[in-house]
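Have a look at the structure below before the remarks.
Labels run A, B, C and D following the written order; every chain starts at residue 1.
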Amino acid sequence: MDLIRATLPLVEPGRTEIHLPHWDGIEQQHGFIHGGVVGMIADSAAGYAAMTLVPADASVLTVEYKMNLMAPADGHGLIARGEVVRAGRTLIVTRAEVVALRDGAEQACALMQQTIMVMRHRGEKRESGAAG
Amino acid sequence: MDLIRATLPLVEPGRTEIHLPHWDGIEQQHGFIHGGVVGMIADSAAGYAAMTLVPADASVLTVEYKMNLMAPADGHGLIARGEVVRAGRTLIVTRAEVVALRDGAEQACALMQQTIMVMRHRGEKRESGAAG
Amino acid sequence: MDLIRATLPLVEPGRTEIHLPHWDGIEQQHGFIHGGVVGMIADSAAGYAAMTLVPADASVLTVEYKMNLMAPADGHGLIARGEVVRAGRTLIVTRAEVVALRDGAEQACALMQQTIMVMRHRGEKRESGAAG
Amino acid sequence: MDLIRATLPLVEPGRTEIHLPHWDGIEQQHGFIHGGVVGMIADSAAGYAAMTLVPADASVLTVEYKMNLMAPADGHGLIARGEVVRAGRTLIVTRAEVVALRDGAEQACALMQQTIMVMRHRGEKRESGAAG
């Protein structure tokens, strides 16, 4: 996240926000922030939201996600809001929205739905992967 | 794509490959390449594959995609292979696979399915967005 | 929808509900309602929600959807709630939740995110399909 | 599957086919087979493909799936082909294609990507659900 200059100003149980200022290096050809970057902060916001609900010795892994890019990420910054919809013992279902800030208003630009896996024993992680 | 040091060595009608070497800045906490970066190259590989099938005065926009992260992106580099499954007049359905290169072998690490919109009149793009 | 005995008791602009009673023919092997039926009512609830926001001479087509089946559809009936997240000129992004009714309470059992296409000229529909 | 008159003529390790004849009750308003039915056979074909790769005392559960409806399901029958892309210990990633049979040719009408969970201890199934 450092690479793209994002911050994580809000972390509550089951809910987080990632903020990303607009800067030149993350623009795509039309001056908007690249969809891949939008995906990365949505994925991370929802993943961190899941992390708030697992035990301290467990970790989380993104199994899969689905993202709709609804409008160009055009503005002076982005906010990604992640939340847990259902937390099971093994799998956590989350969603995230990304809004662009422009002229003091928020415009919805992406919507994501995601499945997270809870890894309870750290030692297993390397071998297994999300579908391991 | 320059930001993450990716290249596009293969571009054929309906098919592309993006290559990404492993370098320190794109690692996540466990030494693997971040899932968001994996998503970005899969999205781009499939998007460029769609672009090869639209008229020169049209452009393409990612409407949505769904990505399974199947194994850690662990190796000395990644290859994302994008291909068009069905090209319609307005929408193009694509898929992409991302493999990690390790010890001379390929390991599948991500699978993506994507919907692309064809924008035939450049002037409309700014207003419309993917769902505009 | 008649085939599975579903009803549509709520239709508001951008929002609908489909109700499905539990009956023997829609059970899968474990006594729960089949995931495919859950998918069908979620898809329909969201599709009808989109339909409320398009002109009378237009129709809608499901481009794609993504569904998480979060818990068994176990109870004396299901409610699917569909809503429009963003309505564009060509594409509409929706989501739906399906809850199971059991012992007077609702349990979330499915979450869906969907892309709908607006077909403005009826004559084009047959040729085009969602990606046509 | 009996309800919609589908059959399962091909079952190989990691691969299945479901066949569905066209009959009046499964048509939607335009004479095509309903997208929900297309989703149901794709989901089932891929789920059965996963089932071929798990131990006899384990069962499988659909965690989530994403489906593109690429063309109307128009013809005298449908074939859904499911295959396993990666089989892990806990999760299996699959995909399926649905084609419509018309005038002796196949037309691709749906593409699906799916995540399946392996349930190794039957007793746990009821409590847990896909995200349980």
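Just so it is clear, a contact is a pair of C-beta atoms (placed from the backbone, for glycine too) under 8 Å apart; a residue touches a chain by one contact, two chains touch by 3 or more.
Quick caveat, the model's predicted, so the values are computed rather than measured.
The pair from B-C, C-D or B-D that reproduces the interface of A-B, where over half of the contact pairs by residue number are the same, turns out to be C-D. The greatest centre-to-centre gap from chain B, using C-alpha centroids, is found for C. Interface comparison, A-D versus A-C: the higher number of contacting C-beta pairs is recorded for A-D.
Distance between chain centres (mean CA atoms), chain A to chain D: 29 Å.
Chain A and chain C have centres, each the mean of its CA atoms, that are 26 Å apart. Within chain D, contacts with two or more other chains are made by residues 63-64, 66, 68, 70-71, 86, 88, 93, 115, 129-132. Put simply, chain B touches chain C in their complex at residues 63-64, 66, 86-93, 115, 117, 128-132. On the chain D side of its complex with chain C, the touching residues are 3, 25-26, 30, 34-37, 39-41, 43-44, 61-72, 109, 125-126, 129-132. Listed in rising order, the residues of chain A touching chain C in the complex are 66, 68, 70-71, 85-86, 88, 93, 95, 108, 111-113, 115.
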